[in-house]
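Two complexes follow with chain A in common, the first pairing it with chain B and the second with chain C.
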Partner chain A sequence: MARMTTASEYALKRSKRKQFFKNYGMVLLFLGPFLFFFGLFCIFPLFYGIVMSLMKYSISDPTQNAWRGLANFWKILADSNSVYNSDFWYSMKNTVLFALILVPLAVIVPLIAAILVNSEPRGYKIFRALIYFPAILPVSASGVIFIALFGTNFGYVNQWIGETVAWLDKTTSAWFVIILLCLWGGWGGNFIILSAGLKNVDKSLYEAASVDGCSRWRRAFAVTLPAIKPQLIVCLFTTIIGYFGLYGQVYVLTNGGPANPDRIPGSTATIMWYLQSLMNSDQYDVYGMVSAMGLTLGFIIGCITGLQLFLTRERKSGTKLAKEFAAYRKDKERETLIGTEPAEAGSAEEGGGGGA
Partner chain B sequence: MKRGKLLRNAICMGLAAAFAAGVAAGCAGGPGTVQDDLKFDEFGDPVFENVELKVWSVVGDPDDTYLDKVNNMFNDYYRENGLQAKITPIVNGDFYKQVANTINADPRNAPDVIILHSERLSKLAQDNVIVPLDEYFDAAKADFDAENYLSNVIGECYYKDKLYGVPLDVHAGVWYVRSDILEKNGLEKPSTLTEFVDVCNSLIKKYKEGTLWHRAMDKTNEAACEWTQNKTYGDDYFPVVMSKDGGIEQGWIPQTAVFQNGGKLTDNKGYPAWNTEGLKNVMQMFRNWQTGEGDFKGKAYEGKFVSGKDDTNTVWSKLASGEAVFSCEGPWWIEQRLNEYESILGEKTDEKGETYAPLDILNMSKLYALDESAECAGQIYGVGHCFSVCRTVTSKTKRVAAALYAQYMTEHAVDYMQGGHLPACKAILSSEQYKAKPFYNRYLKEFGDPENFVMLGNTPHYSAVYEGLKNIYSDVFNPNFASRTVEQIVETRYNNALSYIRAEEAL
Partner chain C sequence: MNKILLAAIIVIVTVCVSMVVLDFVVVGLKKRKALGEGRLARYLSKNLFRLNAFVFLLLFCIIWLVPIVIGVIGSFTSQYTFENHPGQLIPSDGFTFDNYIALFSKYDTDGTRFPVERWILNSFIVSTVSTVLYLTIAGFAAYAFVFMKFRGRNLVFYILIFTMVIPGIATMTAQLANIANLGISRSLLALILPSLGGVGGLYLIRQFFLGIPQDLIESARIDGSSNFRIFIKIVLPLAKSVFLVQGLFCFMGAWNDLLWPQVILGTADKSLWTLQVGIAYIASSKTANSIGINLASAIVSAVPILILYIFTQNKIIEGVAATGVKG
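Our next item is the complex of A and B:
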């Protein structure tokens, strides 16, 4: 026989339910749609990807799917006889080298431009617009512009220099063009972030530095850079993550080429290009391996950004101590102020009266 | 505290649900069973009630128009029987990926029939994308007989002794030849490798001497279409367009070179077998054509045959400008190009008032055979299209309909051949209707005997075998690899192909 619910139990349950909706109703209303789509398009694919990475996964025939445990990860990380291992690390090496060259450039060049534009020379608004302009172009469009510039037979650059340089057919020059495109197309974003940071630097700091006899360079290093440190960290963070996913520029300009005599991925194959080429191949059962590679890449990027956050964290010996000291001094001054308040008030009144 | 716990629980439950859904989705799926809904009328013929076949085709512009003609004939013939078919060309380069994806992820919108390249059939059969057809021909009580098709072509439609496809055609890349320039200079269209080399040497020699007659095909520039002996193209003349990234010729020339020198592309396991001495020798010859060094049968070259700066853009442009006499492309362009050249240059006369046929084609028979008297010297690497039925067709009636469709289309494809293909069906090959067609006499009969065409072989490792060989051709012409010997290039690509196959098998 089912247990009877007492009136008080019912009332308690009902009030709990009411209380829950009262507490979380608005939160669910506003966050609910976001959470739903976040779950659908981020969390679910992430777990789906994790499951796929542990399997041999075929997109054409589910009967071929088979549990592989950590075998895919083992191949990527330790099995040097597998081409998946060698091609993955070859593409990763290309990506890391590219990031090592481009990331400093992609932060320093916009920083210099931002400092120059921030000094508001004549026509600085035009410069600002021109610098940001490439950022609004899609990669395919800017890629076409660069192909028109660096094409071997009909490229403008070759016409200007009067030579027939096969820019995109040689490894070094192909990387040069890719880096140039990334820099040109990507500096607008960092420029805007850094410009906003520069606008917010307290002018009195510059005045104080000038009074102390700082040169322009000294002011830039001792005032400007520390003041925009949070923006620099954001730029560094987003640039590293962004360029570890380099794909569009490579696809448009070289499609991974020029050819590599020893392996299928070409000389400018980045890790994203390699993953994409695996997925575009006619090998339908490689998706488990690709998922494992994607997760490995995610882990590596996570480690790099973690390391970066660790290295750029606010140290206790840095401004934190200074701020604590400033707060301590402020408290002290307030205490002193409270202790001497009547006398000061009296003297102020006297002074005011005298002035009047 | 309690609220926090509640939220934490909710998040954990959400993540667990997502994980479970991920596992379920990852492990879900499976081929459906075939529903036996086939009915027959009083004459023993299968009954179709409003069966509409969805056909995806890899055949694109310009020959899809001709395929549609045959499809319309089928629709007219079967309209009364309640059977129709609609072809959708999928020619964006993603055909095979799109088929596999749709079949697995969106079976309701998947095609019933696909028209594919027959060299890829083994791979699709292995991946369970397509199904065997034999039993559906039997079920339809159709008079289908594999003997009615060329054995070399239908042989590629078998996988593990079962017929997975019905072949439509066979074709190969051809050399487009500026026959007017050859004729005006007193030269003949070559038919063997020795003749080809001799013609190229003569063209270069004449150009260097300033006696080479040449003209452009340019409808925007009337003057350029007049005959001249000026050195219009600079100091060097390159009679042949071959490039490291030309595309289409890589898919036929090295393959044909393997066959014509006694080799084969695949072994019994479907692994690559093209690393032959014959291939290496021909590739070395190509490299010499680019450098102008070395000799051919003891005779030095007059100069470089190939410029080293050619790419996809120059394949047609150099032929049109008269800067080259030989350029390799797909056979499906033949009609358009002949029309174009003939309309612009056909009526143009020289100083003697004579006209010249501006364009001709040359098939690859004997063009890469170092021993032209060998039996295999006339072989040409061929590829074909075939019809297959997808596994997502779960109705037996529809599978039978699809099998009948494939049979009809391949047996009545005369009009489709206008697009530059040779029929796989023997009945068409020997029919008067086919031989009476203007396009047969105009260009198809120049394509060679389809029985001499040799296919890739039944291999599920299509990419490793085929692309590996294409890469060798590119590498030989690539100036970045000039320091590598041809032997090194071939062996590296061969070992690469084996490594990729082993990695695939070990997944």
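Our next item is the complex of A and C:
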């Protein structure tokens, strides 16, 4: 049904459309660049990686590319004859063992340091800055310093203890040095997060506990630990995820060595080192396989992250009601205090932070 | 040199033991209500834990800084000392700049000189350009997410947040192929551009923007200001601190990154490397006769970060504490 459009209707429609384009053009202008890079370097590689993992993929010679279906994943996960399978799980085993040793250390030691700093002794800000300091150094720099410390012939440590220990050439001692480096350069972040958490523990809880006659230990376990649980969980999981990606320390200190006679990854090779060595090797046709490995690893890490998000999710019921009540009270107060300053603005920000 | 270690251990153990003894004495006296009324006694009964914390933190920090001190000293120690008096803390032939001079004229096994100054330049270009670009792009995007109304705003944002679960490792191979397809795999753009799609910084900036009162923006809009004007005149000055913190994270992240530059440029021409890749390469040759040079290269790569940290350590620490992001 064709209907006559009056001039005013047309004008209204046109101006609406103009308004629409003006609005969304602005949004696109502001958001566009980010979405462009996000799509090109985050979303596209993900789907491209999934496609690659289903192929034999060569970056030097595209004519070799061939569809393989799930064969790559089958090789990694189940085919025990494949060298990729054994090497992948060997490096994976190294990584997980390493994480098992290091993660408890990298949470408990910072916790102790944070408790000490949190009692605010003289000059605690300087201590805090010094303890965090190695965490900002580039891995290659701190790695080089540790090589100088633990070198066999001219290393400082060997001179101090008066022996010639080949620290970096034996598996156990090499792991020991790597763990030392990870501790030295790695737990600053945990330390800061935990001490921020300790700072925000409600002091009245301690008073209540001591009125009730709690011992110091009981207070630590019944008040402090539950109060900093969110920070503990964040630290725990970021540390686990971080050590799954352990690469720089191994690369600089041992480059995966000491070598194994029967396989490519040496006895300190982590999974990231293995993937990197495959990518930088002269074989240009393993990219499908590496992509499948990356996705497998990413899936495992994604599961860990998911678990973390699940554990730290907001308990909806209680918080929601409390928030609604707070909003209600704020409104009430505003009604009674018309003319005075509006409600404080910064409160929308998360309360966990240290504030500016 | 054995003596130094022994002396250090003895001092540390003595201090620890005497601290513990002091604790027991004070606690015991307190229990029997036998602690005097003097100033010292009052101080001890009130501040025992703080005193303990101070002493242990002091010891801890001294041990903690040993590698740094060794690194700095070693970089000024001559090759002669390393070979003839290894482990000497104060070299018998004095401190020298030789290692730094040698670092800038060091030759690879194939006879080409290591272009160290080129690596430094590359690192600076990559870190600075990616920081500035990221702050601009993410700042505008965060503004759109907080202060502009459009359909699907929350949906788009939730999709962005969800992708944070996917670790970079999963997509690294495809990223490499992607970069190769774009034809930038042999240039510094390969290090700069991928970092511009990161969601973490956007999230941090948006979180901060949420604290800016909407009324402020609305009233500016009613006064006829365009979005650009509002962004530059109102939002930017208010959000200076978050831009500073995020900028520091970006810069340090880019400067310190080893894995991605190694993967993408490790097999490329040496003049394209960043400083970290170069240092790791020099160090991985692990020849005993270059300890001093290795340490000099480590110090060179750490100095910019060190300067940044000295001037902004409060901001960095607050930023880490507030966001849970590890620097």
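Structural remarks
Basically, the second predicted complex is superposed on the first by the 270 of 356 C-alpha atoms of A that agree within 3 Å, B and C clash if a C-alpha of one lies under 4 Å from a C-alpha of the other, contacts with A are read in each partner's own complex, and residues count from 1 in each chain.
Please note the rule applied: a residue touches a chain if its C-beta (ideal position, glycine included) is under 8 Å from a C-beta of that chain, and two chains touch if they have at least 3 such contacts.
Note that the structure is a prediction, hence the values are computed from the model and not measured.
After overlaying the two complexes on the shared chain, residue contacts for A:Phe37 are found with chain C alone; chain B is out of touch. After overlaying the two complexes on the shared chain, residue contacts for A:Ser82 are found with chain B alone; chain C is out of touch.
In the superposed model, A:Ile108 lies in contact with neither chain B nor chain C. Looking at the shared chain after the overlay, A:Gly302 reaches chain C, while chain B stays out of its contact range.
Once the two complexes are laid over each other on the shared chain, residue contacts for A:Asn23 go to chain B and to chain C alike. Applying the stated contact rule after C-alpha superposition, one finds that A:Glu120 touches chain C and leaves chain B untouched. In the superposition on chain A, no contact is made by A:Leu12 with either chain B or chain C. Put simply, more of the residues of chain A are touched by C, taking chain B and chain C as the two choices. By the touch criterion defined above, A:Asn153 reaches both chain B and chain C. Of the two partner chains, neither chain B nor chain C is touched by A:Leu97. Counting contacts by the rule stated earlier, residues 23, 39, 43-44, 46, 48-49, 52, 57, 59, 152-153, 280 of chain A appear in both its interface with chain B and its interface with chain C. Listing the residues of chain B that touch chain A in their complex gives 3, 6, 14-15, 18-19, 21-23, 25-31, 94, 96-97, 100-101, 103-105, 120, 123-124, 127-129, 244, 309, 311, 313-314, 462-463, 467, 471, 474-475, 478-481, 484, 489, 492, 496, 499-500, 503-504, 506-507. For chain C in complex with chain A, the residues that touch the partner chain are 1-2, 4-5, 49-54, 56-58, 60-61, 64-65, 67-68, 70-71, 74, 82-83, 86-87, 137-138, 140-141, 143-145, 148, 150, 156, 160, 163, 165-178, 180, 193-194, 196-199, 202, 207-208, 210-213, 215, 227, 241, 252, 255-256, 258-259, 262-263, 266-267, 276, 279-280, 283-284, 286, 288, 291, 294-295, 297-299, 301-302, 305, 309, 313, 316-318, 320-327. Of all residues in chain A, only 23-24, 26-27, 29-31, 33-35, 37-46, 48-49, 52, 57, 59, 113, 116-117, 119-124, 127-149, 151-156, 158-162, 184, 188-190, 192-193, 195-196, 231, 234, 238, 241-242, 244-245, 247-248, 251-252, 255, 272, 275-276, 279-280, 287, 290-291, 294-295, 297-299, 301-302, 305-306, 309, 342, 345-346, 348-350, 352-356 touch chain C in the complex they form. On the side of chain A, the complex with chain B involves touching residues 20, 23, 39, 43-44, 46-52, 55-65, 75, 82-84, 152-153, 164, 166, 169-171, 258-259, 261-264, 280-286, 288-289.
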